[in-house]
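Each in structure tokens, the structures are laid out below.
In the two complexes below, subunit A is the common chain; its partner is subunit B in one and subunit C in the other.
On to the complex of A and B.
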């Protein structure tokens, strides 16, 4: 029984940790600065640079804020939300003022939500060049992949650059939980027109999970008066057995929730872009074919067809 | 005759302009700041943020500078290279001090050179997650896609934020020419091990062109003592007729130049990743197939084979 408890706990911790890790790292890359579990070095400069950069070259057309953003002010609001607070007692509404200070910039029909598909969704929107994830909007872009937490040391800047609590530390409410809860809710509220959601159809715990950020904060905040349709895209992760398809399992649950909310929906099992994006990362995978393969296979099948036809003609000729 | 001269001039201007434009804009995106032909607003903050960001999450493993970079110092050196100078008389060696101040960070076997393939090369290296273009190294990353020029106004910061000279303005040597000439030469010199070069096989003016940055500054600076092999990847741009293949035309010229330099080489006509990266951007293109298409075609070809075989068996049976 004790072993079972430990196992259940490990699974819960794993799921919980996975949730955050997914939001926190678009792609795990090496830091050149000395290893630390603390706030990302130079987070302020990176935040400011990204805030200005997004306005210099915005990700997709018509995604500019209505007027230039005061990035220094945004940093101050972001910083003050948690500075000098107990790093394990950050209230879920800590970033309310920050959210209010960031201008909306989600054009209609351009929101991309996702859950369990961090390994492909950003490459997908980059290739499509027409959809924005939370991480592509000003709200998420400025701190995407970074880490931060507060320091209660009055002589510090209010942030702890030495160490941050583990995300899954029991009884610890960290800054990034508050941040992603609030920003997820915000982009749910801001979405208008057609929204897209990308889920993993090869997950054994379900493509649509009740405890995901999408299920908890994004979907519930969508306004059926503003959102006209939800397009579900299922990803069949290369090499993994397909667990769910459109209309089955947890995907059917989501489809029903859309209907109940009065929002039309579509669902796609075999999205062509999903396939090519996955194969562009892993082109030699057995599931990935190339035009050469196809030419090759038709070239080998054609002679056998021709030989058969010739034999047939010969035999018919002989019969006559 | 006059018309011919004008035509020749237009073609030359077009080629020259194309060269710079390609280096200058990874992807043309909308600026949220008021339109201007001057230096990118907040270029200093963006430069600093990117310099620090690249060290926080470096593009590929083992691409860190040996010690943390003083980014503010780098900006000063970059700025002082052209500040207060005539914006049309920037000497080609203006960025010599800047190049010297940026630490090398090209691991062996990781350099990706390119010419004429700006529309795909960065998506390719992003998907491969194992190769660095100039724009991915600290040298190029900090100003990739940005614009800058100097102001001779003593009361200014030394940069002109109102307007910059056109790149192709006759008799005008602009800052970006000096910058990309010097940085291209530098990454040519820094390359070690296996290098990769991606060229466009559908260009009517040749995949390998004598006037390209690759031909003028990168290839000539490669040290055959340090570079062990050159892998040429030809891109067949979707929907465009293939003009050159490995071993033909200007590609053969480059192959010979590698041999003459004492560097081994390989050449690939149908790179699988190139195909999938292109199709991930344009998945409904007629040249892009999906597993569903293949299943479909083999499903339709199989019955005809079976019918033929059955007819054959029937006829043989009748004969016996």
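On to the complex of A and C.
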């Protein structure tokens, strides 16, 4: 009898796994071959265009700096921070002058921090049209999606357009690490009022990780005198098992850290917009059933109902 | 006699209209004349939804246009939308753009003024990859962005992206560009403006490029009707589809989440559109509020009562909890 039970269990596990594999195979593949590994060509033109555009009324609402910024000067400061330096020995404070040159002050209640959720947070803020991530501010907007590194060649412009060291290369302190360390610390310091942080609750290594930019530079730099509340939004990636919820695991750690810092917090793990943004990308996913689709039995609950019925039948058989 | 002429005249007009609709472009009618029929509001929505009335040319337009032109080719543009041969933005794209209107009377821009610019910036788009819209600009942009680079609205093509949401106009005086004020769309004394001429000719080229099936997103909650005679889609895009290359027009009628239902696939102005598609020798399909459109609308209004997704997912987790509890009971019970 016990053998039969184990067999039935194995079949059930097989059913569940089959569903899971189906979900995995649905996921689209990112590009296999990056175009180039050097500094993005025409980085200066792109930087200038974005910098000026962010200061016109047509770009991102609420993102205007308090006073006009001279974009040509800002480019020079950004360029000189690393030009002609060893691309693997960029000190963490290389962008100090760049930070000082940006007078940007995030409006109160508008800061959105994130860790591990880059695939959703920007679409989220764009749809919400209310919150700003680092990439929506003059600190991060210009270089979002770009690649850059220095060249020690004296005859060059100071930047290497052929080849850049890998971000994760061991023993190599790259420019982007210094840049994001400096800018993350800056937006942490600038945050006022209610702040929001979006974390991935389906990561096996934890939603709040000690080695993330948020944990290392953004959270520690928040001023409890200025930040009144922290709203944690947990993202459940479609088709991935939920690893943590509000009040558990590393999320509980972050909640405690907020309390210790004297900042109130809230936490939500079923934010509607999080689902809609993800489902827009994958409308046929089984978790994306809109009410109009569910008349009668829903597609998601059916397999589990069958399994439930099977177990009940087995239990009754057992009792008899 | 009077009876006969009364009957005869409308028929003649009808025939002319038919012949006109059947031709890829209304022969004998210039783009400038076609554009005169376009509703000012429709143009305002198309050109720059949030432009302040009477605002001048966008400051730093040169750097912004050049920056976007490189950005699209190197970073943000979808692969299939990038030009095969790199366009040099500073020395090729920008001069072609600015020479179309600078140092000219802002109300008298020639209808072919942007020909050189649009020729440089036009990229041949994938088959079945054209999205038209009317009253649904943002939805069309989202459809395009979510298609993973297979579908394009004019605003997500290379040429559209580069100047989208910008304002520009010329002046015969000084620097040639008027940064102080540009004429408004409903100014009857200013019939041929730079931005209307540009968007008119870009829309025309965009429609002529279409191959296979095309999609059009229409707003079924618009009280003026989803398919309007004076929209850019109706006057410029639909007549310029090449019916020997386009076989299907897929109509998508979207209603605002809490909006009224004015037109649907089976009612109102959509019937007129279907008729025009058939008369052009193409076929149509039509869908009311497809799931993707609803999902996109819900990302903007997630708290709307019909956008409830998260609680549903929660009930799924609840199922799993019950399952696990039962299974553990069962295993321990039989042990």
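The working rule: the second predicted complex is superposed on the first by the 250 of 320 C-alpha atoms of A that agree within 3 Å, B and C clash if a C-alpha of one lies under 4 Å from a C-alpha of the other, contacts with A are read in each partner's own complex, and residues count from 1 in each chain.
What we mean here is this: contacts are C-beta pairs under 8 Å (C-beta built on N, C-alpha and C of every residue); 3 or more make two chains touch, one makes a residue touch a chain.
Note that the structure is predicted; figures quoted are calculated from it, not measured.
Trainee: Touch check for A:288: first (subunit B), second (subunit C), both, or neither?
Mentor: The answer is both, since A:288 touches subunit B and subunit C.
Trainee: Give one of first, second, both or neither to describe whether A:92 is in contact with subunit B, with subunit C, with both, or with none.
Mentor: In the superposition, A:92 contacts neither subunit B nor subunit C.
Trainee: Quick one: is A:242 in contact with subunit B, with subunit C, with both, or with neither? Answer first, second, both or neither.
Mentor: After superposition on chain A, A:242 lies in contact with subunit C alone.
Trainee: First (subunit B), second (subunit C), both or neither: which does A:73 touch?
Mentor: neither
Trainee: Where does A:123 make contact in the superposed view: on subunit B (first), on subunit C (second), on both, or on neither?
Mentor: both
Trainee: Of the two partner chains, subunit B (first) and subunit C (second), which one does A:276 touch, if any: first, second, both, or neither?
Mentor: A:276 contacts both subunit B and subunit C.
Trainee: Of the two partner chains, subunit B (first) and subunit C (second), which one does A:100 touch, if any: first, second, both, or neither?
Mentor: neither
Trainee: Could you tell me if A:48 is touching subunit B, subunit C, both of them or neither one (first, second, both, neither)?
Mentor: Touch status of A:48: both partners.
Trainee: Could you pull out which residues of subunit A sit against subunit B in one structure and against subunit C in the other?
Mentor: 40-42, 45-50, 52-53, 56-58, 71, 123-124, 127, 129, 145-146, 270, 272-273, 275-277, 279-281, 283, 287-294, 298, 301, 304-305, 308, 311-312, 315
Trainee: How about subunit C: which of its residues touch subunit A in the complex?
Mentor: Checking each residue of subunit C against subunit A gives 48, 50-52, 58-60, 63-68, 70-71, 74-76, 89-90, 142, 146, 148, 165-166, 291-292, 294-296, 298-300, 302-303, 306-317, 319-320, 322-323, 326-327, 329-331, 333-335.
Trainee: Okay, in this complex, where on subunit A does subunit C touch?
Mentor: Within the complex, subunit A contacts subunit C at residues 1-2, 5, 9, 28, 40-42, 45-50, 52-53, 56-58, 71, 123-124, 127, 129, 145-146, 236, 242, 270-277, 279-281, 283, 287-294, 298, 300-301, 304-305, 307-308, 311-312, 314-315, 318.
Trainee: Residues of subunit B touching subunit A in their complex?
Mentor: Subunit B reaches subunit A through residues 27, 29-33, 40-42, 45-50, 52-65, 68, 71, 123-124, 126-127, 129, 145-146, 270, 272-273, 275-277, 279-281, 283-284, 287-292, 294, 297-298, 301, 304-305, 308-309, 311-312, 315-316, 319.
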